[in-house]
Structures are given as structure tokens and as C-alpha cells.
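Just below sit the structures, each encoded as C-alpha cells.
Each of the two complexes below includes chain A, the first together with chain B, the second together with chain C.
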Partner chain A sequence: MSYTSYSYLLIFLGTVFIFYTVVPKKFKWAVLLTASYVFYALNSGKLTVFLLLATAAVYFAGILLDCIAYTSALAKKGLEREEKKKLKTLINYQKKAVVVLTLGFIFGILLTIKYSGFFAGIFNRASEFAGLNFVLPEFKFLMPLGISYYTLQAAGYVIDIYRGKYRASHNFGKVALFLSFFPQITEGPIGRFDDLADPLYEGHGFSYDNLTKGLQLTAWGLFKKMVIADRVNLFVSEVFGNHGGYSGSILLAAGALYTLQIYAEFSGCMDIVTGSAQLFGVPLAKNFERPFFFFFLSENWRRWHITLGAWLRDYVFYPVSLSPTCIRTGKFARARLGEHFGSFLPTAFALLITWIGIGFWHGAGIKYLIYGLYYYALMMLGMLLEPLIARGFSALSLRREGRLLNALRILRTSALVIGGMMLFRADSVSVWLEMLKRLFVSFDAGGFAGTVLKCGMDRQDFFIVLLGASAMFIVSLLQEKGIKIRESVAKQRLAVRWAAYAGLIMAIVVFGAYGTGYDAVDFIYGQF
Partner chain B sequence: MNKVGIKQFLRAVSFLCLLVLLTVAASYMLAPKDNTPEGGIINPNANGFFSEPENSIEIAVLGNSDAYSGFSPMELWNMYGYTSYVSAEGHQSVAQSYSQLKKIMSRHDLKLVIFETDELFIKSKLAETAAKIINASAGSAFSVFQYHDRWKTTGLRELFKKPCYTAHCATKGQWLSNDVKGYVGGEYMVKTDKKASIPLSAKAPLDMLVKACRENGIELLFLELPSQSSWNYEKHNAVKAYADKNGIPFLDLNIDRDRFGFDWSTDTRDRGNHLNSRGARKATLFIGEYLIRNYSLTDRRRDADYKQWHKDYEEYAKQVKI
Partner chain C sequence: MIKQDIEILDEISPGTDWKNQDDLLEKHILDSLKIVQLVGALNDEFDISITPVDLVPENFKNAEAVSALVERLSDE
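Showing the complex of A and B:
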């Protein structure tokens, strides 16, 4: 059941909203939990059992961690300092064992389902290369919906309890709802228990404001997905599907349009799910912050898929960079290689692990690993060259914040992002390299005009995409300037407001890429 | 509900009314103004009845590809003088059949609807079926969901033009095939007491279709044309049970094949899934005999107003090569 389908928007969401509104406050969470599991079961069938297993694992692990902490606090009373120290070591060991086993279990499921075939393939090729006659079966399992998202949420819950950020919930329903909440189970955002559990659980009465604002945001998300992303997909699918027959200029256009598609689609989906959650008074974490407006690649990544980046920062980057080994290595390197390079080394190592994680999180394949390493390499290059660049600017007495320079930076970063997106969309690394090669050896700018309208999109399609993308860009620009669009529209006269809302809905109905002549396009990030 | 609540409720209802009005207006503007392929209509063959003279069609045949391959209105005309039209589409759902019935009824005074039952067993998502039923019930009021893309090809003038249907389909909706690819497998109608189940997504609109026929005094006949790959005895039992319960006659030509000389080696175009023009002729003549015995339909062959039908038959006959 896609978030853009009649089934979801008209029947499922409408029914859940009515039930949620009419039941007493203390049962509202049960409506959301039931709806979430119905939604999940409708999409994943028997594979729902994996969600249940992950939920049970982190629920019991949380309680166990709480029990260990409680009994240790009791046992500490009256102990000598040395004994307290010994007890603390033992307790830490026990807590670590619980966390490691739980994470091993939930990530074990994820690794087995999503990655076992890939790693078995690598092993088999290595075995063949080495002349060994040992072959592992390369299984391809059906993927439970949103497994990459809920696994990270579940892991975050256990780690936070271990770190003492909050106490474990003794309410299974609350944990189950936190992990399965239907608007965010497919594509995130990846939520944190301390932000999400209470708003989900406490129950909210009917709010006209939440209803209208939730529907407005949902409509805006549908506009981005159906008018922009799905229409652009006509061009992108054609060119990437038959890349060998197109010149570099067309491939570049396809790369740029795919970047637009993935942004419009992913941020559109986030608007739909955030709007859906708002109907129930539940605020979801922000996943995008206008990544168009960036000068540097690192800034782009901070604004793109924010909750994944934040998760990896808190649970991978910091633990690795603050580990005793990393700190020791940093000290050693600073003493021998100087301040800049010495502090660069441990950060580079922690970032390497993080970017490999980002790459593999997107999919099991060499392509995704290279995708992560592509961004990693570019960012490392930026960090390494920074002192040289700074010296260059100062030697030439140039300002680093000039308008022209900023425009050039945006251009450079856009080109690098498009390059990365082309890899993300290409069938394989070799296809990506072939496409990049064509950008340089057969760009054929002259033939662009004659070909561009023969790649799945006609003149009218381009016109609608241009209008839609401009609207999206203007809204982003206003938001960047601190203007709250929905609040601003809400302050207008009734006729203006209704014209805006009805105009948006009719634009989706008339200009949406759906029905006869269009293939239904699954959400790209829903496949992870 | 307090004063603010009432105000908000009325405001929401008014906004919904505005949306409905805009959708109806967009549907009118973007709906095809002609039933030719150039006019932008989807499935022009199935919609050719729009340009037949008003109230000239007595029998409507609804169904999927089995129906438009296996029923020949021109053979029925030539042999019995009955006027019929096959308003069938590939993968037609029952909700779409209901929608087509509504459209035909808006132009013709039907006496009989022949419903080809194969499509009863094609599962579709309930929500999509619900959307189709809503659309079908509201006539063409929400056709913008089907024809929204016509903004690309429609000029400003055409948006406000009244529909004028000009297409002419000599075969009256039949899709002619002279291919012969015989079926050589074994018997597929193996008698059993087991009964397939008709999915809710088909049963709900079927109930509506039955009701619409009853309310408008139209006789309804269930028909199953020979199809080795899509039919079996379990499905036969399911349709028979529904038909008996609702007092609807059911003609299953898969069971009666020997009675009209049907031959799987020569009468199918694709190894047993669909009939070719020879198979359609045999099936239609058999159905015609059944209609003569059970219904009082009008033979129009001597009616001067139906001269065009004779010409259409000649054109049809030229196209039939087997």
C-alpha cells in the first residue's frame, strides 16, 4: 500500500483518523498500534514476524538493562570503594553483554536477510579465484518492509538505555508502537524513543489545526511526488535504461533530473508521512532542510536524510572517534605529523566507518559501497586541502565569501552531487564509469536539442516539471529566509487560502503523472 | 459541538463541495469530445456505441478480452436480426463493466445485457475497486482521473465543446482475428463439486450491476465463452450458484461445446485462451438460438432505419477470412 495510493489516502488514513478521533483517550495509542500492524501486515504479510522479533528483543533487553542498573544500585550500598569498583566493572560487563547480544540479534536478522547473498557472492568469487572448491549458497530473501529503518530505531533504543539517556519502557505496546508507527515505517524518518514515544502514546483529541495542517502538508508532498518526481521518471528511466545510446549531454541531463526526482520524491514522501502523523498530533523528526542551498558537500549531507546522518553520528561516528584506540592514534599522529594531519587521521578513520555504513545501508552491493566511499573521498580531499586553499586565498588577498565564489561553490557541489546520484541510479559501477566517460568524450552539446524531447518527456512534460520545480524552489527559498509558508497562507483571506489549497489539489489531479500511460513508481527510499 | 466547531465543520464541508465542483468542471473540460482514437478516448472499440443511433442497440455484451474475441454482433445480426454491441475491454473489471453499462444505458434502451463471467475471478485491490465504483456511479463526473493527461493535447476551444461522437465500428466492438493456433491439451472441464470463490472486489460491483439491470427492466444473462486457460469447473460452480441464487440464466459454452460443433484445434487464436473469428461465429450462432427460444427480441433486418447494419455486415464479412 503506497503512501500515494487511494487505498492509503482515502481508505486507510481516513478510517484510522475516524477511529482515533472517536475512541477514548486512553485507547488512542491502541488504535495507532493496531493500524500500524494492519498496515505492516498488508504490505509484508508473514514477514511481520521479523518486526515482532526485533520489538520483543529490544523490549526485553531494555528491561534487563534496567534491572541490572537497579540491582547494582541496591548492591552498591554499604560496599567499600574497591568492591564498588569491582561491582561496577561486573555491571558494565553484564550491560555490554546484553547490548551486544541484542544488537547482534537484530542486526543479525538484517544482515542475513539483506546482505547474506551479497557476502556469500563475494566469498564464492574469492574461493573460485583461490582455486578452492567451496561454495556458499547465495540466498535472496524477501525483505520485510522498512527493515533498515526499524532496525536502526530499535538499536538506538537499546543503546540509549545502556548509556543511561532514559529508562526502558515496561509497556510492550509503547515500544511496539514506537517501532511500527505506520507513517514512518516505510521510509523513516528514523525516530528516537525519547522524542516519539510519548506523543505516540499519550493520545490527542481532535484538533482542527492539526487536521488542516496535516492535510496541507500531505497534499504538498503528493504534489512533489506525483507532479515532479513521477513525471521526471519518464526521462530518467528511459536514459538510464538505454544509456549506451545517449550522448554525454543527455546523460548529464538525466543525472540532474534524477537528482531532482530523488529529492522531490524523498522529501515529498517525508511531507506525506509528516502530514499523516500530524493528523494524530504526532510530530515526526525533520529529515530534510533544503539541501539545494549549500556550498559544501558536507553541508549538503547534513541537510539530506538528516535522521540517518544523526543516527550514524551518534551511534557510529562518536563511539569510533572517541574510542581509546582512536584517541591514542590521534595523539601519536599529532606528535609526529603535525596538528592538522594528526587530528585529521582519527576523524578520517571514524568517517570511513560511517560512510561505509551509509553506503551499505542503502543496499547490498559494491555500487553502494563505492557510493559511500565517493562522498567520503571528496570530503576527505576537502579537509586535507583546506589549509592549502586558505593559504592560497590569503596569498592572493581574496575574500572567501564573495557572491561569485559562492555561486561557483554551488555549481561545483551540484556537479559532485549529480555525479554521486548518477552512481546511485546506474545499474553498476562499470555503467557509471562508462556514463562519466561519455560526459567527457562524447558530450555532443549540439545534438542535445534534437534528442532531449525524444527521451520519454515531451515539451509539455518539461514545462510542468519546470513549473513544479520552480514552485518547490521558491517555497524552499522562502523557508530558508525563515518564512513559515503554511502559517503565512493561513493568515490570508479565505478566498486566497482556498484558491491556494484547491489549486494545489487540482494541480495534482490534472498534472500528476498517474493512470493510463504511466507506470506506478515505487518510492526509491522505500526499497531499503 | 460548540460554535467554533460548527463553523469549522461548515467550512470544511464547503471546501469539499468546492473541490467536487472543480473536479466535475475539470472532468467536463478534459473528457474526450469524440469517441475516435484521435479524440483521445480510451478503448474506442468498446465505446463505439456512443455513435450508434440513439436507442438502436438492444443487447449489450460486457466482459474482458474473452468477450470481444468470442462474441460477434454481426453474425447475430445476419442470422437473427438482433442489434448488439460488445463493450468489452482487455482486463475489464466488474466495476468497469458496471461503468460501461451506465454509459450504454445513457444512450440506448437495452433489453438484454450479456455479462461474460471470466472477469469475476480477476482479483483487484478493494480500494481501487471502490474508486472505480465511485467513478462509475457518478457517471463521467470524475473522468478527470482517467483523462487528466488530455491537457497536453486539448486546445482551449475543445475544453468547452460539447461532445460529438463520430466513430464507426463495423464489427460493433468485436476484435476480429483470423489466426488459428489450436489447443491440443486435455479436457479442462473436469466435473467437481468444489466451488471457486468470487472475490469481494468483483462481487460488490456485480451486485450493483444486477440491481441496475433489475431497476431498469433489463434482462441479464451470464455467459461464459470457451476458454481453456482461464476457465474450469470450480469457477463454473461458483457462477452457477450466484446465478441460481439471483434467478439469472447462465450459459456456459465450455460445457456445451459439442452442441455447437466447437473444435479447439481450429477455433482459437492463441492455443485455447481466446476464440478466433470462426470460434466467435460458432459461439454466437449458438447463443442466438438460445436468445430466440428465451427472449422476445426484435428482428430489425427489414427495418429501413437499420440499412447501415447490412453494410456493416458486408464490411465485416470481407474481413473474416476463416
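Showing the complex of A and C:
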């Protein structure tokens, strides 16, 4: 059941909203939990068992961690300092064991289902290359819906209890709802228990404000997805599917349009799910913050898929950076290689692990690994060259600010993002390299005008995309300036407000890419 | 202690008016890379052990918060 389907928007969401509104406050969370499991079972059938297993694992692990902490607090009373130290070491060991086993279990399921075939394939090719007669079966499992998202949420829950950020919940329903909440199970955002559990569980009465704002945001997300992303997909699918027959200029246009598609689609989906959750008074975490037209790649990434970046920062980058090995390596390197390079080395190592994580999180394949390493290499290059660039500017007495320089930076960052997105969309790394090569050896700018309207999108399609994208960028620009669009609309007179709503719905109905001649396009991020 | 902290902060991000900044994270004056650098420097300078558990926004939102964290960990 896609978030853009009538069955979700009109039947499912409508029914859940009515039930949620009419049942007494103390049962409202049960409506959300039932709806979430119905939604999940409708999409994943028997594979729902994996979600239940992950939920049960972190629920019991959380309680066990709480019990260990409680008993240790009791046992500490009356002990001498040395004995307390010994007890603390023992308790830490026990808590670590619980966390490692739980993470091993939930990530073990994810690794087996999502990655075992890929790694078995690598092993088999290495085995063949080495002349060994040993072959592992390359299984291809059906993926439970949202396994990459709920596994991270579940892991975050256990790690936070281990770190003492909050106490474990003794309510299985609360943990189950946190991990299965239907608006966020397919594509995130990846939530934190301390942010989400209470709003999900406490139950909210009818709120006209939540209803209208939730519906507005949902409609805006549908606009982005159906008017922009799905229409652009016509061009993108044609060119990426038959890349060998197109010149570099058309490939570049396809890369730029795919970047637009994936942004409109993913941020559109986030609007739909955030709007859906708002109907029930549940605020979901922000996943995008207008990630375009920036000077540096790092800023672009900071604003793109924010909750995944924050998860990897808190649970991978920080622990690796502050691990004793990294700290020792840093000290050793600073003493021998100087302050800049010495501080750079451990950070570079922690970032390498993080970017490999980002790459593989998107999919099991060499392409995704290279995708992560592409951004990693570019950012490392930027960090390494920074002192040289600063010295260059200083030697030439040039200012590091200025409109021309900033325009060039935006151009550079946009080109690098499009390059990365082309890899993400290409069938393989070799296809990507072939496409990049054509950008330089057969750009054929002269032939662009004659070909561009023959690649799946006609003049009218381009016009609609241009209008839609302009509307999206203007709204983003206003938001960047601190203007709250929905609040501003709400302050208008009734006639103006309803004209705005009707206009948005009409735009989706009239300009949305659906019906005959259009294939319903699955959400790209729903496939992880 | 806050004077020493500010000296360290100055090394991480020179030219910032640390005493009058109350939202170092929201303004992205401190990002994750700078936080790791800062933690390394604080651990060395004050012989403390800042762990991932301590890396929460409340401890890095301004110079006073960083000082309070250092003081708390020095006392432990």
C-alpha cells in the first residue's frame, strides 16, 4: 500500500483517523498500534515476524539493562571504594554483553536478509579466483518492509538505555508502536524513543489545527511526488535505461533531473508521512532542510536525510572517534606528522567507517559502497587541501568571499552532487564511469535541443516540471528566510485559504503523472 | 576553568565570540568534526574522559555548558 495510493490516503488514513478520534484517550495508542500492524501485514505478510522479533529483542534487552542497573545500585551501598570499582567493571561488562548480543541479533537478521547474498557472491568469486572448490549459496530473501529503518531505531533504543539516556519502557505496546508506527515504517524518518514514545502513546483529542496542517503537508508532499518526481521519471528512466544511445549533454540533463526527482520524491514522502503523523498529534523528526545551492558538499549532506546522518553520527562516528585506539593513533600521529595531519588521521578513519555505513545502508552492492566512498573521498580531499588553499589565497592576497567565488562554489557542489546521484541511479559502477566519460568525450551541446524532447518528456511535460519545481524552490526559499508557510496560509481569510487548498489539489489532479501512459513509481527510499 | 576552555575552543574555531554565543550547534559553529577535535583537546588538557554518552547538545550549546561538563567530569 503506497503512501500515494487512494487506498492509503482515503481509506486507510481516513479510517484510522476516525477510530483514533472516537475512541477514549487511553485506547488511542492501541488504535495506532493496530493500524500500524495492519499496514505492515498488508505490505509484508508473514515477514511481519521479523519486526516482532526485533521488537521483542530490544524490549527484553531494555528491561534486562534496567534490572542490571537497579541491582548494581543496591549492591553498591555500603561497599568500599575499591569494591565499588570492581563492581562497576563487572556491571559494565554485563551491560555490554546484553547490548552486543541484542545488536548482534537484530543486525544479524538485517545482514542475513539484505547482505548475505552479496557477501556470499564476493566470497565465491574470491574462492574461484584462488582456485578453491568452495561455493557458498547466494540466497536472495524477500525484504521485510522498512527493515533498514526499524533496525536502526531498535538499535538506538537499546544503545540509549545502555548509555543511561533514559530508562527502558516496561510497556511492550509502547516499544512495538515506536518501532512500527505506520507513517514512518517505510522510509523513516529514523526516530528516537525519547522524542516519539510519549507523543505516540499519550493520545491526543481532535485538533482542527493538526487536521488542517497535516492534510496541507500531505497534499504538498503529493504535489512534489506526483507532479515533479513521477513526471521527471519519464525522462530519467528513458535515458538511464538506454544511456549508450545518448550524448553527454543529455546524460548530464538526466543526472540533474534525477537529482530533482529523488529530492522531490524523498522530501515529498517525508511531507506525506509527517502530515499523516500530524493528524494524530505526533511530530516526526525533520529529515530535510532544503539541501540545495550550497557552497560545500558537507553542508549539502548535513541537510539531506538528516535522521540517518544523525544516527550514524551518534552511534558510529562518535564511538569510533572516541575509541581508545583512535585516540592513541591521534596522539601518535600528532607527535610525528604534525597537528593538522595528526588530527586528520583518526577523524578520517571514523568517517571512513561512517561513509561505508552510509553506502551499504542504501543497498547490498559494490555500487553503493563506491557511492559512500565517492562522498568520503571528496570530503577528505577538501579537508586535506584546506590549509593549502588557505595559503594560496593568502599568498595571492585574494579574499575567500565574493559573489563570483560563491557562484563557482555552488556550481562545483551541484556538479559533485549530480555526479554522485548519477552513480546512485546507474545500473553499475562501470555504467556510471561510461556515462561520466561521455560527458567529456561526446558532450554534443549542439545536438541537445534536437534530442531533449524525444527522451520521454515533451514540451508540456517540461513546462509542468518547470512550474512545479519553481513552486517548490520558492516555498523552500521562503522557509529558508524563516517564513512559516502553513502559518501564513492559516492567517488568510477563509476564501483565500480554501482557494489555496483547492489550487494545490487541482494541481495534483491535473498535473500529477498518473493514469494511462504513466507507471506508478515506487518510492526509491522505500526499497531500502 | 572557562578561560582555558575558551582558549581550546579558539584553537578549534578561531575568531568566534564564545562568551556571547548561546547556540553553537544550531549556528553550526561546532559540527561533529569540531566536537571530536574539541573532546580530544579537553580530554588531554584536563585529564578527563568525555565519552559518546556525554556528546549531547546540552553539553555543547555554549562555552558555559562545555565548562560545566569539564567540571563535572573532573570531579568524578
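As a convention for this text, the second predicted complex is superposed on the first by the 527 of 528 C-alpha atoms of A that agree within 3 Å, B and C clash if a C-alpha of one lies under 4 Å from a C-alpha of the other, contacts with A are read in each partner's own complex, and residues count from 1 in each chain.
Throughout what follows, a residue touches a chain if its C-beta (ideal position, glycine included) is under 8 Å from a C-beta of that chain, and two chains touch if they have at least 3 such contacts.
The structure displayed is predicted, hence computed values, not measured ones.
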Simultaneous placement of chain C and chain B on chain A, clash or fit: fit
Partner chain in contact with A:Pro319 - chain B first, chain C second, else both or neither: second
Which of chain B and chain C A:Thr347 touches, first, second, both or neither: second
First (chain B), second (chain C), both or neither touched by A:Ala390: neither
Contacts of A:Tyr501 with chain B and chain C, given as first, second, both or neither: first
Touched partner set for A:Ile327, first chain B, second chain C, both or neither: second
Which of chain B and chain C A:Leu337 touches, first, second, both or neither: neither
Partner chain in contact with A:Val510 - chain B first, chain C second, else both or neither: first
Degrees between the directions from chain A toward chain B and toward chain C, using C-alpha centres, nearest 10: 160
Overlay on chain A, chain C to chain B nearest C-alpha distance, Å: 37
Doubly contacted residues of chain A, that is, touched by chain B and again by chain C: none
In the complex, chain A residues that touch chain B: 5-7, 10-12, 208, 458, 460, 498, 501-502, 505-506, 509-512, 514-517
In the complex, chain B residues that touch chain A: 5, 8, 15, 18-19, 22-23, 26, 30, 42, 125-128, 130-131, 144-146, 148-149, 151-152
Of all residues in chain C, those that touch chain A in their complex: 28, 31-33, 36-37, 39-40, 43-44, 50-53, 55-56
Touch list for chain A against partner chain C, complex: 163-165, 298, 302, 313-314, 317-319, 321-322, 327, 330-331, 343, 347, 350
